[in-house]
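Just so it is clear, A, B, C, D, E and F label the chains in written order, and each chain counts residues from 1 on its own.
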Amino acid sequence: MFEENRKVGVKLGMLALAGVLAFGGSAFAADEPTAADVQTNLNIVWTAVAAFLVFFMQPGFALVEAGFTRAKNACNIIMKNLMDFSIGTIAWWAIGFGLMFGLGSGWIGGGSNLFSADFSNGSDLNWTFFIFQCVFAGTAATIVSGAMAERTKFVSYLVYSIFICGLIYPISGHWFWGGLFGGGENGFANGFMWDMGFLDFAGSTVVHSCGAWIALAGAITLGARTGKYGPDGKSKAIPGHNIPLAALGVFILWFGWFGFNPGSTTTGDGAIGYIAVTTNLSAAAGAIAAMLAGWVRFGKPDVSMSLNGVLAGLVAITAGCDCVTFGGAIIIGLVAGVLVVVAVEFIDKVLKIDDPVGAVSVHGVCGVWGTIGLCFFHSESSFADLIGVQLIGVAVMFVWAFGTGMILFNILKATIGLRTNREEELKGMDLAEHGNEAYSGFQIFNNI
Amino acid sequence: MFEENRKVGVKLGMLALAGVLAFGGSAFAADEPTAADVQTNLNIVWTAVAAFLVFFMQPGFALVEAGFTRAKNACNIIMKNLMDFSIGTIAWWAIGFGLMFGLGSGWIGGGSNLFSADFSNGSDLNWTFFIFQCVFAGTAATIVSGAMAERTKFVSYLVYSIFICGLIYPISGHWFWGGLFGGGENGFANGFMWDMGFLDFAGSTVVHSCGAWIALAGAITLGARTGKYGPDGKSKAIPGHNIPLAALGVFILWFGWFGFNPGSTTTGDGAIGYIAVTTNLSAAAGAIAAMLAGWVRFGKPDVSMSLNGVLAGLVAITAGCDCVTFGGAIIIGLVAGVLVVVAVEFIDKVLKIDDPVGAVSVHGVCGVWGTIGLCFFHSESSFADLIGVQLIGVAVMFVWAFGTGMILFNILKATIGLRTNREEELKGMDLAEHGNEAYSGFQIFNNI
Amino acid sequence: MFEENRKVGVKLGMLALAGVLAFGGSAFAADEPTAADVQTNLNIVWTAVAAFLVFFMQPGFALVEAGFTRAKNACNIIMKNLMDFSIGTIAWWAIGFGLMFGLGSGWIGGGSNLFSADFSNGSDLNWTFFIFQCVFAGTAATIVSGAMAERTKFVSYLVYSIFICGLIYPISGHWFWGGLFGGGENGFANGFMWDMGFLDFAGSTVVHSCGAWIALAGAITLGARTGKYGPDGKSKAIPGHNIPLAALGVFILWFGWFGFNPGSTTTGDGAIGYIAVTTNLSAAAGAIAAMLAGWVRFGKPDVSMSLNGVLAGLVAITAGCDCVTFGGAIIIGLVAGVLVVVAVEFIDKVLKIDDPVGAVSVHGVCGVWGTIGLCFFHSESSFADLIGVQLIGVAVMFVWAFGTGMILFNILKATIGLRTNREEELKGMDLAEHGNEAYSGFQIFNNI
Amino acid sequence: MKLITAYIQPERLNDVKQKLYAADVMKMSITNALGCGQQGGYHESYRGVDIEVNLIKKIRLEIAVNAAFVEKTISAIVEGARTGNIGDGKIFVTNLEECVRIRTGEKGEEAIG
Amino acid sequence: MKLITAYIQPERLNDVKQKLYAADVMKMSITNALGCGQQGGYHESYRGVDIEVNLIKKIRLEIAVNAAFVEKTISAIVEGARTGNIGDGKIFVTNLEECVRIRTGEKGEEAIG
Amino acid sequence: MKLITAYIQPERLNDVKQKLYAADVMKMSITNALGCGQQGGYHESYRGVDIEVNLIKKIRLEIAVNAAFVEKTISAIVEGARTGNIGDGKIFVTNLEECVRIRTGEKGEEAIG
């Protein structure tokens, strides 16, 4: 199909004509390409590379979640991360993409692109756009495993994975981003939030909050890990077993975010650099702020909090990475860094909801902050003009994601069951669910 | 040499003319570039990025192999992975590249490009093509270490590394892919399998099976690890010591594969997206299928098997990633996922060949499946037209790689010796061969 | 701001015109783009991708440093790596970039670009160039933590981070690379070393030696870790706690270096491939040479030395990656590999300076070697023509970086204190400074 | 003085500690151990190969007590550790001839607590 | 009743277990240990600096047995652990005054097995 | 023969070893342990939640000696381990009835050294 592509000699011989000849279904003749054709190809290459970087966020999440939880559950959490992406990919191909970007009313997409199989005779950017959106869906999906770690039945988690990438994420995704893929121009509906002018460039709300509110629903439905709260209801610490691994995960996520935010341009031009700068500044500011906030609050610079701070800054800048000033990006990151520390403590100690890795605080709370925060620092529009729609969007996502999440998890709870039994939890999910050990031979105290 | 390249101001001032001026030996004048020139540059950038992603598969392999084996051998396996790539790189530069892509009959390449040193006055895509092919050779080389893990003398392994990248891989590589680098057009011979129209877009057979059959030869020549089979010949489990690390390795490989498959277009255009989609679908399907197969077979979803499933799907789709439908990609992955579970058990329990990481099952068995499987799902040609040549290609590779592997390893065995002695094996290769410990200070039970 | 960018449909509908329309502040009208425009965009995409790869070197350094030191300090070293980049990023934005590339005499930059905030209304390549240079500064900064590992007060390290990225690195950076950003053409001063024709393509001296000499000053000012030297002054080994993690770090660095060196072209053309080849050959040669040197010297192939060998080869080729022959690249790597082994022993046993990860040997000694070594293998100029300026450049950097480093660290020592007390050091920095454990639950002997 | 050594299920440690504190036994030393006993062990599998794990993770307690405390200590451990399932563990009592507090050099009974 | 403590080479554990089973000694507890003895220790090196490792990995066995089993147990361990090389290890026997099975509360001889 | 068991602070191990060597006690076995005693334990925190760590890392020494060496051994350990701070540790002495050198089968006194 693309055999010709590979013959370098031809290219050398004929000045990349081969490259040109090789065009999948692109619009122009097989003679000299125009600059616009090449720009299209550049957009494709850039978007593809960005998609790969976003894919790489998957191990980032897996390591953060494994590192922040106990050794006896490390295999299990990794399997969940592996499977939510794998199952999600198939669900996305089968239903998700069609629902999010297909024909349909402003409320539900679908139709034309369902079963993206036939989509395989699309062209150029289409396929790249498909994989780019696929890894985005996978990101929303994998956020949830962290908040539900160390106590969720493996099989129920597998079922959940089908619904997030197949239904929940794409439906709301269509409301907010339906317009991305042609939208009006191609006679598709844009989605009503898109038409209202809601701003969320790379998905603080559309991706991160979506995952986070579902995660919140999961954590509430499950209840806390055995031993997390004392009889007096006092919160107990359950230290993560491998902080270096978690830190690597955070760095990988930071790296992947350079695909997530700048990649959302799906265009190879100067905007990439601008967005990379805002993204990086906010992440750095988030790390510093979280470290300082933890220092003030707990007397010592907590490592896991500082790592969460990076993610807080990244999530928060995601909505406005394209439109806020550099100074604004720093402030957004600083606020996010403080917010995540406050939120983690509040959720743990006041709400007494057990979120082992702080997924709700990072992706939910900071996702909301980023979506609203951009109104303060928008380089062109005024706060007043923007805030209204932004608040509506945030609310719509909360109601949708948290609501569907509660329904889904409670159905699972009532049917196949959502939580492992106490014995299995004490023994560890790795042995109980998989019959495997994460660190065979290592001596590990397993009394908490 | 490329000093000018770096002066950003110039570019800004003169609209990228600097960029243009800077062209190594490219064909057009130093005035305004044509769209075709820019497309050539785009092909270069894309191919280079893809090459870097493929390079990154090296740590992927290292982690998978280290994680699936015991702590007492972790340093050793990592050294082997580091050295097969390092030695392989030099061998590739000195001999390999010339043999694979140089002038010569359809049977052996060579001549013109030997000692690629003078190759340094090539131009444009040439160099990028060189590094891209170099990391491919490195991939074939590093597959072997896994199957020979925990018992191979370090020095013999170093010797092996010279031969795989310097001789074995490039010679067969020339038969299959000699045509890639200009081939006929530039008066080189294409290689006979290429001329027969054998389809293997990114190397299920050319790269993965090649490595796997050599690995098989190695595992057979070595014999099983002490304690792997009981006196009754019953297979014993030797659990890997770090599953999270192995999982990270698998994710890294998945990430790198987006360079391996889409990168094999060496062209920046829409095909990249198409191939990324098929690759991703197959990997996901492989993971799911392997998990389910393991679940059915062993009663629990085995983590290391599911991880192997990802690799199975990736290896299998590699041959047909450009020409099968999306639906076909999923089926290829599903079958590969089941195959890898069956093959691992068969090789371990029936053939009683000790392959600690399942390299032969993943790269060999699934490589064959992918090469043949594409015939079922080719979007343009019919099964009947394709199957014949595909079967021949698979057979040719097996005979060549397994045959040369057996010869090489038996010569090593007869001369410097291929296997460490029993004491060293019990003590662990890290202390015995390197005098180092992988996890100094950690308490690890080392009684198996 | 870049909203339009994201609408794929438009692009499909109008042949990437959207992409073109979307140009930030680029020079041409919103009609059909010219090939030169597209080349500019290609340069942007390439430079951005390279910048992300260089960013990814941060976890590479973090893992190498954590793996080569003790488990009880793993959280601390990771926090330092995280914070020197985070704080460095802000300092770079606030002051560094302006000092390095702004208006000013040949001695000090600054002015125009100070507080890069307003820089946010720059255009195209500018922003990408900004992030690319930012991650370079971060690289110089993070080198230091390794040499000062396991005994440096956390708070003093934070203060140091401000100075390296805000002052020390950018000031010398301006002398050597001030010309990069427009330089003369735009009426900026080039920096005096640049004008003298000093050759350092990607920063063996400008980045790596800079960090290394500051690291040397830090290690000297701090003194050795408790227990590193016996009463008799005999050096004692303090084995790293996680070699597989360190190895992963080295592979990540190797991967990132493909952004560091080829990316320094900031141009998308054939030069990328050439530089990737020299970089890869030198790294491979470095690994082999260090392994052999260690083997000869200590009787066994030392793993951590071989890993250092890779870095040695990479640092050494960095200066001449664009201008030496392939053969030359190999020799530069081989020499670097031997040098690093000799240097590590010399600094440890003769100078008795405690550099836990060998940062000074790798980045300092091999940085100097690479800067001088290119004179032997320059494909165009003669040794005699080049050596003079190269030696001056090397000397200038040593005096500047080591000098300012000594001043900075001694001021810190005299004020807030540079070193933790003995109890905290014995207990481990993780508990003492952060109240955290890196591997909670694992049983680790902590008696050295 | 007696030296009491007990093997218990890891997950019971916290309860045992509570009971010991309640019984005024404040000092103890614990180590990780693997136990092999009546408790059949469980089956783990790796890559399709079954592993009959008959060395089960246990925690070893070592407590030096004065004669008067022996019974209290034993019953505290039993209370905290008993689940009624095979594998609950064992308690061993040996005679302790001497005890020294390193810090003060105190010996015998007063060094115990 | 006696409490038998033995230090053996890690790689001998499986053989020792077989021999003990053969001698009807089915219950034991083991821990990781580092031993220092006649066995000189070996030389490891890290980054060119030599490390004289004189704490060698060993496995510690603890087995409570009834008087009748003491000899059988000792000889089983010796058979399983002996290689004839320095470092094979040691066996220590102390008197066991009491033994309690946590699960049932049984005491003395019948609690051992 | 006596079996001496001591719990010390990990960072004192090297000094203790030196003192023991000086006292001609060349053989010993050590294991990692967690101790709970007068030493209050310290406060660690994780993600803002305080952890009262009252199981503190210790090292357990086990040394079999002949009667004549008991005092020398005890004082060597005390000298090496004492810092005067709470947490320095304890030494326990029990009676050793038999000792076997696995390598040679030697028994009793001559098997100890």
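As a convention for this text, contacts are C-beta pairs under 8 Å (C-beta built on N, C-alpha and C of every residue); 3 or more make two chains touch, one makes a residue touch a chain.
Keep in mind it's a predicted model, so treat the numbers as computed, not measured.
Asks: Which chains are in contact with both subunit B and subunit D?
Replies: Shared contacts of subunit B and subunit D: A, E.
Asks: What is the distance in Å between the mean C-alpha positions of subunit C and subunit D?
Replies: Subunit C and subunit D have C-alpha centres separated by 52 Å.
Asks: As a quick test, compute the distance in whole Å between the mean CA positions of subunit A and subunit D.
Replies: 47
Asks: Need the CA-centroid distance for the pair subunit D / subunit F, whole Å please.
Replies: Centre-to-centre distance between subunit D and subunit F: 18 Å.
Asks: Indicate the residues of subunit F shared as contacts by at least two other chains.
Replies: Those would be 31-32, 34, 44-46, 94-95.
Asks: If you look at subunit A, which of its residues touch at least two other chains?
Replies: Correct list: 34-35, 37-38, 42, 45, 49, 123-126, 129, 239-240, 242, 248, 298-300, 302, 304, 435-437, 439-440, 442-446, 448.
Asks: Among all the chains shown, which pairs meet the touch rule set out at the top?
Replies: Taking the chains two at a time, the touching pairs are A-B, A-C, A-D, A-F, B-C, B-D, B-E, C-E, C-F, D-E, D-F, E-F.
Asks: Could you pull out which subunit F residues touch subunit C in their complex?
Replies: Interface residues on subunit F, with respect to subunit C: 10-11, 13-14, 32, 42-46, 57, 59.
Asks: Over in the complex, which subunit A residues touch subunit C? Could you list them?
Replies: 27-28, 34-40, 42-43, 45-46, 49, 53, 70-71, 123-126, 129, 179-183, 185-186, 188, 201, 239-244, 247-248, 250-252, 254-255, 258-259, 262, 264-277, 280-281, 283-285, 287-288, 291, 298-304, 306-307, 310, 322-323, 325-327, 330, 379-380, 439, 442-446, 448
Asks: Enumerate the contact residues on subunit C facing subunit F in the complex.
Replies: 426, 431, 435-437, 440, 443-448
Asks: Across the complex, what residues on subunit B touch subunit D?
Replies: 235-240, 294, 297-300, 302, 304-305, 341, 344-345, 348-349, 358, 443, 445
Asks: Please name which positions on subunit A make contact with subunit B in the complex.
Replies: 1-3, 5-13, 15-20, 22-26, 32-35, 37-38, 41-42, 44-45, 47-49, 51-52, 55-56, 58-59, 62-63, 66, 74-75, 78-79, 82-83, 85-87, 89-90, 93, 116-117, 119-120, 123-131, 134, 154, 242, 245, 248, 430, 433-443
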